[in-house]
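Here subunit A shows up in two complexes: once beside subunit B, once beside subunit C.
For the complex of A and B:
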């Protein structure tokens, strides 16, 4: 796989979408399937070696693009990179970091008590928090075009996603 | 020249011959082969009308190798030389085989340069690798298919547990090569089952496949949408299967009857009796186990279903933690699941069906034969890959089951490609030198979810040399990991700042080298050297023919559209050159044939690129028209 291609392709163009944060996930999914039904190595298994190699590269690129655009965090980061405005993001606020510590303590406590009900409640609250954060991100990018502010929100979103993983792992540990 | 008339430029190529392609389920306890005939996937039977082939290989002192039913009936008589459930040892080292001591085999460690650390089994005809033993099973299935279909196979899709790691996949592919089978694709077993099930029932939505085979447990979640089978997550346990339920009965017999220090023969006999008792308990509430040991003492026991359920409760609950993990990875709730398909002979156990039903709050789907469904799905995929289009457009999007990482400071694994990413996938990671003038760098690639490298599977170690000397931290080495559609990894590296390229492709450390495979192929054959050459020539001829066929079809489809007159001529010159060589047949020099094949391949690279761009553009413009209409 030529990594230059992987880092330089404009995935919005690849999937025929306007370069915005708010995208229609159904259109993305449809375009993804259409592209893969042409490019996937399975469609070229009895073709020449050159075609098989190119199919592998193209199909890899389409998978990477789909993954990048489907996830809100990586989609936002991709848009920010595309804008070329790479100012350093503002530092995370103290209140945000404090809140993070509280989340973490709550997860640890519930895990220690093997309290599935509390963990599931935390998971629900977190999901809601992520939805709100994604909505704000949409406004920051699509309406205000403020990439520096968006970068900060993306960083915060990464923290939330990490928390979500931790809750999942805790639930897994308790139930196994 | 007759050949020229067939392929006169501008004429459409001859219609595709129907290629003989099969799906093979290389299972822990049973294997089978299936093919699509007149549009329907069917399992191919042996002379006696049996479709299942026990995955048992018996080696005799005179060199005769028995595979299947006869071998299985010998298992208790000659346990050291009768290899049962060889799949459990594929791509594994001795330390991976937890219950090695209780098995009637003599394990040794391979000392081959490339397959070092891989487990081997001592038999009456010498030390054999699991790859060689599996190849015997595959050879029998290949012969069965060729006799039944009436011709040489052009290729096969071979199924592997979704949770197989890179080492186990590579070993499976090597076994196929050894058996003279060209592998079209390695296909994950639950995905294969989903194809057979989904196409049969025209299902749409989220489906789970719960696949408990003889030696492995797989769980996959798929989204089915109009011929697209998209795996959302997969998980499992590659060392948990129906065999463990047999062993639970075996252990119970040992402790209740106070047996100890059984011979290998008696161990195998009791394991077989345990398996039969398990199978009887599917229909009966109580079963009697009775047999005579070698010292004429008799074993008599009554086993009720209740006791069996109690004995295997923990085994069963062990399957549900991978299930939960997969649901979480796919970000799905139980309510999102439309249906749960049961696959694998072990899912016949009634208490398993009840447990799965209770877990998902729904009756599991069992309307396809759990022993055959994987092979049938593989046959459908093989038919599509061989280019025998039957109108059933099919697209499979599978995932990598275990994360890939590299070792960093302190023996930690840094994940490069996380599990459940859709394949083919690639990721690049930049590294730099930490000493002035450093010209080499070593990498260690591992697979697994644990943080410590020592708890992951080691896949490959390699050294990148020839980095131009620079101050520490100035070099930028980009390492690229590519996982192909078989789920197999290759790694390449390149120094970015100077443009100095050091491309390397890593063959994982447990794999077999081409030399080792060639040695195995020629071992035991009279006139080995000559046969080896003939075989290489045959392979080169088949490859050349396939390339000619594919190129001519492509030229007829879009050569006029995509190539200038000059480019068109170049490709045809190369086509003629290769075609003329092929007419020479066995008088061919291998070297010249390979050279001409490479040249034609190179001459068509640009053309292949344009063809791909064209089809991708078509796919997208089709999409845009569609969205305007809506």
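For the complex of A and C:
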């Protein structure tokens, strides 16, 4: 995942969206396609070289912005950066880290036993956890505007995404 | 990216993998994590009556550098007092393992784990320290 935290360009403005965590992904996609077709190199083929270069840079920026806003983790981080929050994120709790250890142990064990059923059950449980975490993140950002608390939730979400990758890799390994 | 021989050695033959009972009075447990890469590290120290770390164990889920950093740290900790252990800095770990700049954060994580384990041990033993001493002096 691209962890870029570009603050020079406000991606919400770029796509004509209100700077909120809860966004309409269809609107984002529509704006993305529209902008990208305007910046498409073919449309600038008859232009000067410098104009073509600008169009290409614009196209890269649009791609970066789209990736950033589409993914909940990077969208939340982008909003937090936009807020200009200066406090450092709260430390991850011991119980959270302990639970992470247990997740990793469970994945490791299931992988060693090539237990697809367990891995799929873990995957389902994780999906549910991610949904809850994203909902909480939405409330923290859009309702409470508590950016410091939101950063802790984003950091936790990053661990869940890592777990999702680990489970996916484990399932791939077993089926290959 | 190529790992150094030392990282590979610790990665392939990690020292002191395992766990102590976190409830034991003479055990300090440090749990740390790195959101950027999703690594989690558990480092435990066992401290004897004389105040020396007599044993250390770890369990790390992460990249080779994170595993090597925690493995190395368990070796460095043994025989040290808590204050000496606090002098171990991430730069020592990174240097010893020849970590490339992109992997420095793994050594930072290991240093954080040392601090967390020591602080856990100290907070566990602070409240009972007075009682302990009283018993010893009475005997």
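What we mean here is this: the second predicted complex is superposed on the first by the 165 of 176 C-alpha atoms of A that agree within 3 Å, B and C clash if a C-alpha of one lies under 4 Å from a C-alpha of the other, contacts with A are read in each partner's own complex, and residues count from 1 in each chain.
One rule holds in what follows: contacts are C-beta pairs under 8 Å (C-beta built on N, C-alpha and C of every residue); 3 or more make two chains touch, one makes a residue touch a chain.
All of these numbers come straight from a predicted model, not from anything done at the bench.
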{"item": "Partner chain in contact with A:168 - subunit B first, subunit C second, else both or neither", "value": "first"}
{"item": "Which partner reaches more residues of subunit A (counting touched residues only), subunit B or subunit C", "value": "B"}
{"item": "Which of subunit B and subunit C A:59 touches, first, second, both or neither", "value": "first"}
{"item": "Shared subunit A surface residues [contacts with subunit B and with subunit C]", "value": "3"}
{"item": "Residues of subunit C defined as touching subunit A within the complex", "value": "31-33, 35-38, 40, 42, 59, 61"}
{"item": "Of all residues in subunit A, those that touch subunit C in their complex", "value": "3, 92, 94, 96-98, 100-101, 104, 108, 154-156, 158-159, 161-163, 165"}
{"item": "List of subunit A residues in touch with subunit B within their complex", "value": "1, 3, 6-7, 15-16, 27, 30-31, 33-43, 45-51, 53-56, 58-60, 63-64, 66-67, 168, 171-172, 175-176"}
{"item": "Subunit A-facing residues of subunit B, complex", "value": "19, 184-185, 225, 228, 320-321, 324-325, 328, 381, 384-387, 393, 395-397, 421-426, 428, 478, 480, 482, 484-485, 546-547, 549-551, 554, 601-602, 604-605, 607-609, 611-612, 615-616, 618-620, 622-624, 626-627"}
